[in-house]
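In this document, chain identifiers A, B, C and D correspond to the written order of the chains, with residue numbering beginning at 1 in each.
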Amino acid sequence: MHPVEIILWVPATAMVVLVFIGNYRLGAAINVIASGVTFVAGAALLFADRVRTDIFIIDDFNIYLVILTTFIGFTTSIFSATYIGHELETGKLTPVFLRFYHALYQAMMGAMNLALVVNNVGLLWVGVEVATLSTVMMVGIYRTPEAVEAAWKYFILGSVGIALAFFGTILVYLVAQPVVGEGLPAMAWDTLVKNGAGFDAKLLSLAFVFLLVGYGTKVGIAPFHAWLPDAHAEGPTPISAVLSGLLLNVALYALLRFKMVLAANGETLDVGLIMIWLGLISLIFAAFMLYRRRDIKRLFAYSSIEHMGIMTFAFGMGGPLANFAGLLHMTMHSLIKSAIFFAVGHIAQVKGTQRIAHIRGLSVTHPVLAVGLALGVIAIAGMPPFGMFLSEFMLVSTSFARQPLLALALVFGLVVAFGALVLRMQDVLFGEPSGPTGGVKASYLPLFIHLALVLVAGLWLPEPVVRWFRAVATQLG
Amino acid sequence: MSSLQFDVAHFLAGGMLVLSLLLLYQDRILATLNVFAAQAIVLSLAVAWQAYVQEATHLVLTAAIALIAKGFIIPTALNRIVHRLGIHREIEQVIGAGPTMLTGLGLIALSILLVMPVQVGVSPLAREDLAFALAVILLGLLMMITRRNAVTQIVGFMSLENGLILAATGAKGMPLVVEISVAFSILIAFSVFGVFVFRIRERFDTVDLSALDRLRHERRHIS
Amino acid sequence: MAMMFEVAAQGLQMFLVLVIAPLMLGLTRKVKARLLRRLGPPVLQPYRDLWKLMHKEAVLAHNASWMYRVAPYLLFATTWVAAALIPTYSTGLIFSWSADIIAIVALLATGRFALALAGMDVGTAFGGIGSSREMLIASLAEPAMLLVVFAVALIAGTTQLSAIADHMIHGSVGLRVSLGLALFAFVFIAVAENARIPIDNPATHLELTMVHEAMVLEYSGRHLAMIEAAAALKLTLYFSLLVCLFFPFGMATADKSLAAMALGVASYAAKVAILAVLLPIGETAVAKMRVFRYPIFLGSAFATAALAVFLLFVSQGF
Amino acid sequence: MPAIIGLLCVAGFLLVAALAVAIGRRPAGSLITYGASLVISATGLITAFVALVIDEPAATLALPLGLPLVGAHFRVDALAAFFLLVVNFGGAIASVYGLGYGRYEPSPLRILPYYPAYLAGMNLVVLADDAFTFLVGWEFMSLASWALVLAHHRVAGNARAGFIYIVMAGAGTLCLLLTFGLLAGPEGGHAFATIRGNPAQPTVAISALLLALIGAGSKAGLVPLHVWLPLAHPAAPSHVSALMSGVMTKVAIYGFIRIAFDLIDEAVWWTSLIILAIGAATAVLGVLYALMQQDIKRLLAYSTVENVGIIFIGLGLTIAFRANDMPVPAALAMSAALLHVLNHSLFKSLLFFGAGAVLHATGERDMERLGGLVHRMPQTAFAFLTGCAAISALPPLNGFVSEWLTFQAILVSPQLPQLALKFMVPTVGALLALAAALAAACFVKAFGVTFLGRARTPAAQNAHETDRFSLAAMFILAAMCLLAGILPGVLIDLLAPVVGGLVGGRMPTQTTIGWLSIIPIAASRSSYNGIIILVFLICSGVLTAMVIHRFATRATRRSAIWDCGYPDPSLVTQYSGSSFSMPIRRVFGTTVFDVRERVDMPRPGAMRAGHFHVKIFDPAWRFAYGPAGRAVLDLSNKFNRLQFLTIRRYLTLVFVALILLLIVVAAWR
């Protein structure tokens, strides 16, 4: 059985099983095991042969994304085990909902894997859709008014986005059909890219606009971002971690695949410029939004918007270096942001609040958590020796040499966001301690594994990774 | 293809568009539901016609889904909800009918402007359909943003989906997987809608989203 | 042998300035007194004062630190060394190159630093006033001084005093308006640095007006003697600096024969004597200034010196 | 070889940092950490010295780390060796001081791990030979020092200091990143070798230079980018303050020199105007601010700003001379700047150590609450006095030598062809003289108010002498100040390869000149001999003292203060620091930083106390940073409304955006 099938079947079966598991310990254990197996299978893709059928495709682009997704899914499931246990004790969740929580978790993982490995724009769409719907459920799972509102907002905006993306997909088919012929090939990545040159540029541009708005809503770039902060803030923290770490990536992956087609065509509207501007808007908007945040999870949700903006900027800028930087940034952001949410989740649990104003002097009361958060924020703020500095280094330097003014805008946004993040972090870490100082039942492992990986990536990027990124970067044009 | 086939398809698609415009300016919920049902029926006809034209039998299934689900089940269900919530007499529109209609016409013009120049390979029928479908989609979106009431918003969203299906069926030989996904998505969508509507109701005794907005205003100091 | 001679020549200059310093002081006082229709102390009075002060026992405040006792000697030493390094009667003495004019100004600054600290050592209000005002004056005077140096160095192409003197004597300097301006500025600076009217009044102990005197208020005995001697030396130093920069004529330059030396000594004595007469005449013509008008006084010096420099660029665009 | 040892030092520092996390809480932890840091820095010091003395071709080293496809490059040429010397000497001496001072630290875990990391960062910056490694080291240095600034995070104002510091550091780093982006080009040839290989166009070179001026200048503390410095440097523990002021600003200057003289190979004359103006403004404003301070550590920090300004004046002159290819004067100016780099690192560390000793002995940083410490802590007082004299540019100490050389370089300026420079440079020289004089006033105040007079508070009365390690560190530095002052020729010759590598010229060889005096350009122009001056001073002073004691009298009587017959016993009527600086405040303050003085004097006979308020505004805050901060907050408030829209409005946003994009597509072709 090929690993590709494993990473799809394991979550599916696990989902079905978990629906019937009442005991939360058992459920969590199964969740962890299933995610672990999925991760192993994902890693096994490295050694399995690259498939390229009408349904599945494994190439340089999605192989590392699959590994990243399954890995973060695994670590998050470990984190979620302890986290959810605490939620049960405090009575925020009941076992009934917990069943659905775990089932939906697997559903989401499976859907994302599907979206990543399929070789068909339609199935990709299905995958993203399922992932969205399952996350919608999980965001609403606390059933507090805020949670319901967040989920509702997420659902409405998400559905509209999905619908627009679907229209874009149809348009892509319409564009491809005369050239490629009817049937599956007209929706397969490889054939699309291969025959991209012959497509009608006008219709292709139109298609990409709809895809940009549709999947852009998922990516969370402004002004399509509105669902993102609340969904992150009100849902369970593991979901926030997965949303920021994975779902946004998957949506961006879809966009990039389509951008490859456009790059192959070459005569379309210059979507790069549109992406650059959307990215800048997201970056600067989010950077300013960071200052007024009082809820720590919402704070980092906005920082996700900011970083998605940076990536969009990078891919819009194009060229081997900028694309390389974008891909690296994508990876680093997933790892760091999920790590930060791990830390934030535990902090919110020990302090019993998500309000920054009520969390003070963490470095005195909970040094380890404080160090974790500090390292995470330093990393997400793009400071060495962490990997995000590497990507921002490449992006800023290359884009300043090519588009000085746009690069200056980028740098401006980076500085503003940096200030806000550091300001809030200092508020939380230093000063007279406040709030409960009790011990914390937390699994630091996922947090520090992520940080260690990011640290290593910042100092030394393994050769194969560099090779993949360069290959993809050239395809992205 | 013969001009008759073309004209019929054209007529049906145009009819959907007209119904969308009607939908847009309805201000009573029940009427809105009825118009939506009518649109769904026209849609099913259009799809059926496409099935006949393209000799694509699987499209009949889609037509049936459209007819049954959107033509009858969903409107009646919504009707129930509306009555149960006792909002069937509500009259609500955010922007005045006039501006809305004008915007709608503008959107139609834009969609035609967008699709008409496309020449290469795409059959004229598909192109016409595409123009209308795009218009229907945009109008649905417009309807969503001009309504305050959850039910009417749902209706807007679903008329948007109608446009999607029109476009999908217009695309010659698009694999079945897509229709399935569409139906699938709409089912999911509707179930989730229902879940949410009920949950919202049990919390706020209304599906008027402004309740959520009120809640938000209370929460300004938190976030 | 030549070595011995050179060292002797340097030593002669060293003691020449030391010996004539109190005389300069006495001369100025005498002339000033005459101008004020007073009889005035004899010209040699400063020597007697110093002698007497040296033999008195020194009275120290209980909380006076070692700083307080070292400062007078440091002040004296720096002033003396600075004065000894300025060519008086002959250029090109053996140690003349060990400090140029900037270094000499800096040496005076070292002495001032020590004295200002000493003024603050005991912790009285007067000492503080004196030190603070002294530093103010210095901070205003030094930029102007540097510009004067700049002007002269531009003309002579060096900051080496004896080289400047040589250049002024032999070189075809001629009469330069810049030199005149520089001289003007230099005189202002010298007046300020030596705590003379209108900046300061060496003869008063009126609290609000005194600067230098306030600093040394607590001193007595041999320490005071050192400070007085240093003041006299400083006056002489500025005289001979003025002479060396602007009127070096008569110095022994190339030939180091005894005759030339003697001529140099004579001309030097005459020139400083004239200055010692001119200074009090100027002093009696003006009145003491308020502390906060110093910036205007020294600012004018600064402006003049700057003008001197810029005119040089205009006149002979280097 | 030197590169390898340097890297090993960096690794060693990092290991020590990791070790410190483990053993920080133990009583021995501080000793071990500082001891190890001392050993490692000493190794680096020796390596750098050897590399500088035997100047063989630059040692390079490339590792497959860091930037992909470029790798991490390391290189120790003469310039790097010199700055490694400065950095590691500072590190070693600070470690010696820390051996004693670190014992008083209440929460060692907030200092011990970051201290070696900080040293590692600074070493890495100097070793780096590609942009990425350089910036990694640079930012690592900032981060470690930021952690150290926040070590005492409960002290009021420290959090703010840390925040402003790290934000400005980040912005500066981004500026440097832009610089490298320009120099490396869109293909990203970020290895310095590559950048040297293909010289940039003039416009690129100029903009890169100015960006580097901002980026490195913000770290070095150039006005108006200095605002973080007087907040952050005093907040850190004193030995770290010494490192930040004495060494880190030098690393920043190294960065500027590396970019402006090594990576950018051509000089444009009018850029020197900018640098000279900024340098002069920095020097004067820095020392004026310093004069207005009450907090002794903040005073020292501001005086660091001044000295950075002096160094940049030297660098500006170098560029001016280089642009008109006059190698020898360029070499003179550059030597002056580099010498001042070394000197300042010496006496500024010394002064911060002294301040730290005072802080530990009295718990006070406010000079107005000190006084009379010369009796309580005589050795500290003596060392501190040496430092004060040195930083006030008094012969025969080292501060004077570098400023004298700068003046000599200024005196060459009339040979420059451009008229603008002809007029600019003398003005700069006058400002430099002003700065020097004000510095003297400033340190008379610092020493006089802190150590002299009578103790103003019980804390000052009960002060005690500090520990042996601290004293050792201070006296070593004091001795170095004197040596560097009387034997500058040796240092200048040591600098010759550095300068030669940068400006392609050199000063005349000094050590061969008779009597060990120094000659900037030619003996006929000017020369200076510290030794002879020192000998003369000692001879004449001691001679006179002996003569008087021998032939006149040595009798001394202790008595009460005379004070014109009206001695005031109360301690507070002494001349205070603020009253000391009042005249200068009156003269310069009103124009430079609009000082608001308010006197509230009760009428005669009224029994209430009189009040005197002084408000001093830093124009940089008033006109640049305050408005900027407010603007950011205003904007964020405006944007923040978008957080609270209704779902419908959000949908409208999406809709409008979609329509706009569609219109774009429709309009296109």
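As a convention for this text, contacts are C-beta pairs under 8 Å (C-beta built on N, C-alpha and C of every residue); 3 or more make two chains touch, one makes a residue touch a chain.
Here the structure is a predicted model, which is why all the values come from computation and not from measurement.
When the partners of subunit C are compared with those of subunit D, no chain appears in both lists. Per-pair counts of C-beta contacts peak for the chains C-D.
Seen from the C-alpha centroid of subunit A, the farthest chain centroid is that of C. Chain centroids computed from C-alpha atoms place D closest to the centre of all protein C-alpha atoms shown. Rounded to whole angstrom units, the spacing between the C-alpha centres of subunit A and subunit C is 78. A straight line joining the Cα centres of subunit A and subunit B is 31 Å long.
Between the Cα centres of subunit A and subunit D there is a gap of 44 Å.
Centre-to-centre spacing of subunit B and subunit C amounts to 99 Å, using the average Cα coordinate of each chain. Across the assembly, subunit D contributes 643, 647, 651, 658, 662, 665, 669 as residues in contact with two or more other chains. Multi-chain contact residues, meaning those touching two or more other chains, occur in subunit B at positions 114, 117, 141, 144, 153, 209, 212, 216, 223.
In subunit C, no residue touches at least two other chains. This structure has the following touching chain pairs: A-B, A-D, B-D, C-D. The touching residues of subunit D, counted against subunit A in their complex, run 64-69, 131-132, 135-136, 139-140, 143, 150, 153-154, 159, 162-163, 166-167, 170-171, 174, 177-178, 180-182, 184-188, 190, 632-633, 635-637, 639-640, 642-643, 645, 647, 650-651, 653-654, 657-658, 661-662, 664-665, 668-669.
On the subunit C side of its complex with subunit D, the touching residues are 54-67, 73-74, 76-78, 80-81, 84, 95, 97-100, 102-103, 106-107, 109-110, 112-113, 116-117, 120-129, 131-133, 135-136, 138-147, 150, 153-154, 157-160, 163, 205, 207, 217-218, 221-222, 225-226, 291-292, 295, 302, 306, 309-310, 312-313, 317-318. Residue ranges of subunit D in contact with subunit C, taken from their complex: 371-372, 374-375, 378, 385, 389, 392-395, 400, 404, 407-408, 410-411, 414-415, 419, 422-423, 426-427, 429-434, 436-438, 440-441, 444-445, 447-449, 452-454, 515, 517, 523-529, 532-533, 536-538, 540-542, 544-545, 548, 552-553, 555-564, 567-568, 571, 573-576, 579-584, 586-587.
Taken in their complex, subunit B has these residues touching subunit A: 114-115, 117-122, 126, 130, 133-134, 137, 141, 144, 153, 157, 160-161, 163-164, 167-168, 171-175, 177-178, 181-182, 184-185, 188-189, 192, 196, 199-200, 203, 209, 212, 215-216, 219, 222-223. Only residues 120, 122-123, 125-126, 129, 133, 136-137, 140, 143, 145-146, 148-149, 151-152, 155-156, 159-160, 162-164, 166-167, 169-171, 173-174, 177-179, 182-184, 187, 200, 202-203, 206, 229-230, 233, 293-295, 298, 355 of subunit A touch subunit B when the two sit together in their complex.
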